[in-house]
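Presented sequentially are two complexes of chain A, the first with chain B as partner and the second with chain C.
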Partner chain A sequence: MNAYRELLDRVVQVRGMRAAMLVSEDDGLVVAEALSEGVDGASVAALAASLTLRIRRAAASAGFAAPAVVQLRAERGALLTVQAGDGLLVVAIADRETNLGLARLELREAASRLVG
Partner chain B sequence: MSDTVRRLSLELAADPASLVFLELAEELRRRAQLPAAWKVARAGVGRYPELAEAHDLCARILADQGDRAAARDTWQRVLELAPQHVGAHKGLAFLCFREGDLPGAMPHLEAASTVAPDDEGVATALARLRVALEGIDALARGRAAAAVTAPAPAPAEAVSLVSRNGEAPESEELGPSIVVLDAHGMRLAGDLQTPSGASAGDAVAAHLAGVTREAARAARLLDLGAWQHVSAESQDGNLLVLAPTAETALVIVRPPDVPVGRLALLADQAARRARGWLAELA
Partner chain C sequence: MKAIEPWVGVPLQTFLDDSNARLTLLMTSAGQVIAQDGFTRSVDVMAASALGAGIIASLDALADVMGTGPFSAVLHQGSRQSLYLRAFETPRGRWIGLVVFGTETSAGLVQVFFRDLAERIAAAAPANGTMAAPLAATFEHELNASLRSLFGR
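So, the complex of A and B:
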């Protein structure tokens, strides 16, 4: 669990990141988390897993493999999810000041370490 | 070594300052001997750094090698040296097209057509590109109104750019890749194709109605404000969903080499046109 936490801590070091979590894709439960104050981890996990599942179904209907990265962009920030294998997602919440390109790279790095 | 290559090589050896390097490098490129072509062309650029034709040759070799970024930079250098260079405009149009940026290809083809009105390759490519863009514009002009009951025009039809020498067509097929749907998951216009070529517009529309609701809910509950778009990156392609209006959604799909940032720009353009079309329908 400490190894998971270390990976997530690295993600939240990106400026503007409010949360980084490891989430079970099927049921949206939190496996590990690194949260800023005021962030409801359980809600983030559930919403991220649900959105990812729906977009995965849409992608499958277009004949695409499961998306490796899903981003929800909104006025004041973004929700990012990255497939980490074994039914897990790395999930992050970023505010609008965040460098999303960097955040995406850190998430992919964390996911690849989890898979490895 | 062919007789032609041998003859040109001998000519260049006899007179290294000769412009025959252009012909030799082009002959090598045509024979797919790209490293050799590059070597000859680069040496020529070194000798004639202000010669637009030499840079154009390098750009075409880079494009053949798949290095689009370097090819683009080199063709832009050609236009700095010779703003009316037809080959550079055709090359840049080709690169735009390969990246799914059909509107971006238009000014280059128009410029090439102005300079070389008799170039059949340019005329053909321009005509096909206009047809492709017409499919997107039809959304705004209401021509696709019949799409509610009949197939919508394909927003990105096949476009081909004939190569400079007219021999090998530099072409890429873009199948249908945009769908507009209503809040109930019913397709209003456009279509999508799976990588195997099957129509998937209706199935994707049905699933995406749930995605847009989920996106709106997630953004609200996570205190992120109004949602703007959802993107998904897959090994088979990238997909982006946004809402042109409160009651509709638009999905755009492109190959995986089209970055999500560019996809968002393309989707914004399509959404503006869709809003116009939907306003006319209302």
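So, the complex of A and C:
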């Protein structure tokens, strides 16, 4: 569990990152989390897992490969999810100041370490 | 969806719409049924409410023995259907929710939307005291009246 937490801590060190979580993809439950105050981790985890699953189904229906990264941008921030193997997702919440390119790199790095 | 307490209807319908639950039962901690959705036979509601209240009572007793403080929820995940059972406080006493859901939703979503349901029920509850536990002498009459309300017969 400490190893998971270390990976997530590294993700939230990116400037503007408000939360990083390891989430069970099928049930949307939090496995490990690094959250800022005021972030409802359980809700974000459940909704992000559901969203990612639906996007993956939509991509499959359209004949596309499964998306490596799902990025949802909103007025005041962004939600990112990356597949991490073994039915896990790395989910992150970034504010609008965050460098999303760097955030994606850190998320993919965390995901590849989890798979490896 | 059928509710004995009409003010439960709106929050419960919102939960049903959001969560995609297959079966939902709300009851008091004594096993009195408040509302149900998805059940087609009154005998199933009677069994589920009795068993649900019994499981929560057993958890309370287990928590006392272990000194852990109350356990509020049970999640049993099956391969095709799962069960979520949760006790929550309302202005009308401690209630229990029993939710059966399938692969069209997830445990995380059901938990999140059930938390919202509990908050909405607490906010919508009329402030006229807790529900009385049924007396043995009137239990069967109250049970039959509840089942008539829930199943219309």
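Here, the second predicted complex is superposed on the first by the 116 of 116 C-alpha atoms of A that agree within 3 Å, B and C clash if a C-alpha of one lies under 4 Å from a C-alpha of the other, contacts with A are read in each partner's own complex, and residues count from 1 in each chain.
Following the convention adopted for this analysis, a residue touches a chain if its C-beta (ideal position, glycine included) is under 8 Å from a C-beta of that chain, and two chains touch if they have at least 3 such contacts.
None of the values given here were measured: they were computed from a predicted structure.
**Q** Do chain B and chain C fit side by side on chain A in the superposed arrangement, or is it a clash?
**A** When both complexes are placed onto chain A, chain B and chain C end up side by side without any clash.
**Q** Just to be sure I read the superposition right, which of the two partners does A:R15 touch: chain B = first, chain C = second, or both, or neither?
**A** It touches nothing on chain B or chain C.
**Q** Applying the document's definition of touch, where does A:L79 land relative to chain B and chain C: first, second, both, or neither?
**A** first
**Q** Please determine whether it is chain B or chain C that touches the greater number of chain A residues.
**A** B
**Q** Is A:A42 touching the first partner chain B, the second partner chain C, both, or neither of them?
**A** In the superposition, A:A42 touches chain C alone.
**Q** Once the two structures are overlaid on A, work out the angle chain B-chain A-chain C from the Cα centres, in steps of 10 degrees.
**A** 130
**Q** Tell me the contact category for A:S50 with respect to chain B and chain C: first, second, both or neither.
**A** Both partners, chain B and chain C.
**Q** Now for A:V70: first (chain B), second (chain C), both, or neither, which partner does it touch?
**A** So A:V70 only meets chain B here.
**Q** Could you tell me how near the closest CA atoms of chain B and chain C get once both structures are overlaid on the shared chain, in Å?
**A** Superposed on chain A, the two chains' closest C-alpha atoms are separated by 11 Å.
**Q** Taking the contacts chain A makes with chain B in one complex and with chain C in the other, which residues are shared?
**A** Common to the two interfaces on chain A: residues 43, 47, 50.
**Q** Quick check on the complex: what are the chain A residues that touch chain B?
**A** 43-44, 47-48, 50-51, 54-59, 61-79, 93
**Q** What residues of chain C sit close enough to touch chain A in their complex?
**A** Touching chain A from chain C are residues 77, 105-109, 111-112, 115.
**Q** Which positions of chain B touch chain A when the two form their complex?
**A** 192, 194-196, 198, 200, 203-204, 206-208, 210-211, 214-215, 217-219, 221-237, 239, 241, 251, 253, 260, 264
**Q** Within their complex, state which residues of chain A touch chain C.
**A** It comes out as residues 23-24, 26-30, 42-43, 45-47, 49-50.
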